[in-house]
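Shared between the two complexes below is chain A, which has chain B as its partner in the first and chain C in the second.
Right, the complex of A and B next:
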């Protein structure tokens, strides 16, 4: 049942599936891998030396180098114009690329046209499995590295990942290039195994096979593609062994089986394997140094400056001529009725939306013009009004992503098993655990973020934002859904953060809490800053009372 | 100089692409999911259509409404089996693609089990042979019928979506399924109906395609699948007028490519067009740019 060719097909099928896995972990659906593989296969056979001249293994080695370079180069060429596409748009664009490559090869005389090229058979099961082992090793080491976590964060919530300081464009392109190189490896191995390569080997159906293998195996654990390839290669073999006739019955059974896997095993076959969540040893929290390296602006230093800032959405003024300065160490409360423009103001300061006019300057950056991840790198960290956690990651992993900016890249060193990578990972874990403890979630480190209660999710957002060691922490309605004791302890936490030197901008509807916590309060109404001052001044300000409680003319205005 | 003959051939072929693609667009517009079992319905309908005409000796025109119903039933199966169980999954995008591919594989295998692997054709006497001569061009009745039926169905669908209660439900779900449910839209039923209509149109496209080339093959769905995807990207994913214009554009462009460049380049047209649109105007000719929400 397990003949040589079955063994080779399992291995190279898994390698092809890894080229899909490489982008699926970052939430990208690409079908261009068949095109990369085709370019690599035809390119390496044409450009590389023949096995007759240099011997089998050297020829294959050179072909693999050429193929992987060609695959990576092709992925850059395709990736640069398409990286801004999402979801099925990316899938269809990359599919179009693969099909275009195939048609070009069909029409190319020198590549054999539709008939294909004859290639000597060099690949043995041993070679194929060694190649697979190398690729699987790569992705095994990638998973729990800083790079791997950043990709997972992008998959779960791209916007939140950006706000945590992750350069989403660069990470997505890197994942895409990895995918191209792995697809190139597959193309070369395929070419040097099947004796005759034809453009049809790399058509739409082939791309779909690769995707199906990756998803069936599971696209969140590195062993997934291997399981998927083993499963899908063995199903027809087993059917033949038990005497099911070829023809239509086998594909029906395969289809039903595939349907069952995808419907009832959301994580693919890899979900049978228990996931090991790394936890920091309790002693390590104390022994390792903290990841707080930033020098915060001193009291009086300018942190935020807004001058004449206006934001329009299709003619509606969300903000009108806002002037605002925040300096180091302040705890600023931002209040105002629903729709006053509070969240818009926060989005402007964190760089998620550009202003329509006026100047925004935050910690030396120009949000709106500076990319979001650079604003974050300058020390701006925030929570979101509607929780934007990385749902399928554990609470601890969410916070680890938050520590992206203050931890060091570990993937390269993890590949080489350098002890310093292990040390850095432990330090990041200890840092994350401390942030979780600080918001009172130490016990829930292993729970997936999506499974936490609403109040815990609010707290986890704060822990994640804290992990970046921000100079300016923006909290967008953190106490929503909390009861009074919880809000009180949140208030204490904010106070202790300010003691650490952080500048805090707190948006909150719980006015009592704002009064108790903040040193200065801003009041927004209909996009305009109508009052600013100490809590005592705000309570007595007639304009504020009017905005909140309404007076006769105000009621008329709202009609 | 425009070649009337080729232009008409292109429009007729393009209207078929449009009719097929509109099924993709309809489901994508409402659920944000690609239904890759759609091409299988296209192939099944072609075989069933030929079988109906051959074994019941009914006219090809009578066969079309029957195929429409068969397609609608398949659409209900697709929704129930491949999409509804995934409704609340975070990875529903990928999972829906795979589950619909799996179901398509089952459909095609069953088709092979029923009709065998060979190409099927209509009985010789069943095909209308009428042709007209317009401005020097030979135009067959079948081509005219394809163009008229396809455009009528697309227009009727546009009316359904824009003017009826069902269409309002569809648009509400497209906007926000949860809000639609709160407002009393029966989301499950409207979704199922959407799939039924989508597949019914795909089925008619399959039968008309078989009529056009007088063949039905197991792989005919995969051949048109990529073109359908190209058409909806060019037209603007969920835009129904976009699918119509995109389909006609692709059909005409293909026919002229074959005439002036060569038949082996024909399939490149769709992908070149699609790639260009994605890079230059990703929302498509008729699509609206989505505003990012925070």
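Right, the complex of A and C next:
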């Protein structure tokens, strides 16, 4: 039943699915791969030497190099203008590109037009499976590397990934180029197997085929595309073998099977395979060097300086004329009624939104002008008011992503099995485990973030932010949803972090906790800084009592 | 785990249910396919296995269905006649997908089929037929009209006239009849079949000395031709020359007549389909179509075929069905030539097809393994194809 061609189609179908997997792991939905494959197929056949001149294998090898380079180059050309697009917009833009390529080939006489180009058959099942093995190996090694985790983080929550210091644009483009090169490999193998390449082989239906294969197989485990291709290639084979009459019944059955898989296995066929989570060996945590190497600003050194900062959202003044300085080692509490502009202020400081006017300077960077990941690299790390964890990653992996800035890239060395990569990975794991233990989540390292209780999610956000070894830690309502004992232990944790030399900016509605924890308190009301001073001064400040404490502190606390 | 079982159970049930009409795969063992006697007296014990790779679903599904009907009718006739040789037909669907085409051909080569018919489309033919050539299995193409099909090797034959054989006759006949001097050519440029048809049209028009005022292209999926037709009408042509599939032919002809273009419309092989008159109605009147099969022929073979097909399927056959039906006549003659269903004997038989009476007329296969028989130029009159004279 398993003929040569079936074996080849399983292998190259899986390779094509990998070109979708390459971007799906980073949360991108691209349909341009058929276009990359077409460029690679027609390009390599036109530019490469014929097998008659140099022999079968050398000709195929050269064609593969040409095809993968062309696919990668095409993906750069398409990727640079489209990488800002998200979701369905990216899908439409890339689909338009693939259609443009197809129509170009249809109208190109030198490429044979609709009639296509004849290509000698060179690819054998062995060649196809070796190529698949190489591609699968690549993605296997990519998964648990720093690069792979960064892509997963972008997929789960792009904003949080950016705040963890990941250069989202560069990572997305890298994933896109990988996809282009792999699609190119598919195009070449297809061309040198089917003997005639026609533009219709790379049409919309082909792109959908590849996407369906990747999704059915599963886009979170590297074996997924192989399973998907095996399944989808074998369905017609099995139908033929059991003698289902050729005709409309077979596509209907295939469709039903596909539906069943999608309905019952949202994670694809790969969800049958249990995911192995790497855990740090408990004994080695101290044997490796530490990843916390940053020299924090000394007490008195300027960490944050805001001068005349204003922020408007469509005519609404979220912040007006805020002047603020924070220096090393301070624990600053930021309080104020809902809508006072607290979150806007921390978004400005961490660089997520630019100010409308005024100067912002944080640890030597200019947030708003400096990209978010550079601000993070300078030592700013934060949690979010509404938890922005990487939901499908385990708690430990969340923290590992947090350690992106302080750990070393490991993907290239993992491909070569260099021992130093393993050492670096272990070190990062140990570091992440220490951060988890520090917030009291050591026992829950394996639990997916989305499955944690609300309080644990708040703590995990702190651990993730800590893993970046920040100089300025911004905590946006970390105690929300915590009971009093939990809030107390959080307060202790913040104190011990300050002892380590961190500067902390704490936004909190729990005024009691702010009073107890902070060395200085800022009060915002209607976008204006109405008071600043020690806890004792704030309590007695009439303006504060008027605006905030006097009005509804109990109501605020009970929320 | 529960989910696993559910999926597995559903899959197994689906396959088991459908497996009820399972049949044993064809393919006789050595020697069984060699019979005694020769020609009309030939008698072979085992049925000769014939594989057909057709596009029953997907883009070319309508053609494949017609071909299957023609083949099944022909095999039923041959087997019912009880003349010593019987056939076991195995029709497989290539889903208009090269991957399936290749796999199906490989299955036939490995499965012991004596001869393979198909595939439906020329592009798939270039991808799949080499497998039969390498495996030493004769192929009889029944609808591939592209150049170079039979050049793929000495096992590849066809009973379908190429566009190059039909269109020049069509253009010559129409030029003579209507005194064409100036025409507009329209074709869909993203389909291998219609594009090669266009090439032949262009060459033939040049040969006949007809001016091409304008050449307009459209896509195979297009259904609105009004803008193109307005453009064409502006050239005030003596005729429209169109290379398109039947899906394009029906709206194009209808919209042309609606737009007041009443010059003759000359179509390629794609127009050669009774559906044109059924769906376009009066608008189809006056459409000139070159064809490999003269549906109005009153030869005994054709008369019997028309009646039997209508009886079996309730509608008139088209050229795809006729060429499929003729293929079995040709294969039967080839098998009887050496009175053997062995692959090389069938190949030998196909090389010796000469003036065999079929529904297509008197058919020969030439040294290039291409078919030779008379083409016909038809015109739609009173809702039927009539010979243009």
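Keep this in mind: the second predicted complex is superposed on the first by the 548 of 559 C-alpha atoms of A that agree within 3 Å, B and C clash if a C-alpha of one lies under 4 Å from a C-alpha of the other, contacts with A are read in each partner's own complex, and residues count from 1 in each chain.
The working rule: contacts are C-beta pairs under 8 Å (C-beta built on N, C-alpha and C of every residue); 3 or more make two chains touch, one makes a residue touch a chain.
The shown structure was predicted, so the numbers you read here are calculated from the model rather than taken from an experiment.
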(message) If we overlay the two complexes on their shared chain A, which of chain B and chain C does A:247 touch? Say first, second, both or neither.
(response) both
(request) Please indicate which partner A:392 is in contact with in the superposed arrangement: first for chain B, second for chain C, both, or neither. (result) first
(request) Kindly classify A:106 by the partners it touches after superposition: chain B alone (first), chain C alone (second), both, or neither? (result) both
(request) Please indicate which partner A:256 is in contact with in the superposed arrangement: first for chain B, second for chain C, both, or neither. (result) both
(request) Please indicate which partner A:93 is in contact with in the superposed arrangement: first for chain B, second for chain C, both, or neither. (result) first
(message) Going by the contact rule set out at the top, does A:74 touch chain B (first), chain C (second), both, or neither?
(response) neither
(request) Under the contact definition given at the top, report the residues of chain A touching chain B in one complex and chain C in the other. (result) 103, 106-107, 247-251, 256
(request) Sort out for me which residues of chain A touch chain B in the complex. (result) 24, 29, 81-82, 84-85, 87-89, 91-93, 95-97, 99-100, 103-104, 106-107, 159, 204-205, 208, 211-212, 215-216, 219, 247-252, 254-256, 258-259, 262-263, 266, 343, 347, 352-353, 384, 391-392, 450
(request) Flag every residue of chain B that touches chain A in the complex, lowest number first. (result) 28, 34, 81-82, 85-86, 89-91, 93-95, 97-99, 101-106, 108-110, 112-113, 117, 222, 225-226, 229-230, 233, 237, 264-265, 267-268, 270-272, 274-275, 278-279, 282, 292, 294
(request) Would you mind writing out the residues of chain C in touch with chain A in their complex? (result) 3-4, 6-7, 10-11, 14-16, 18-19, 21-23, 54, 56-57, 65, 91-93, 95, 98-100, 102-104, 106-107, 110, 122-123, 126-127, 130-131, 146, 189-192, 194-196
(request) Would you pull the chain A residues touching chain C in the complex into a rising list? (result) 3-6, 9, 103, 106-107, 113-116, 118, 121, 194-196, 198-201, 233, 236-240, 242-251, 253, 256-257, 260-261, 264-265, 272
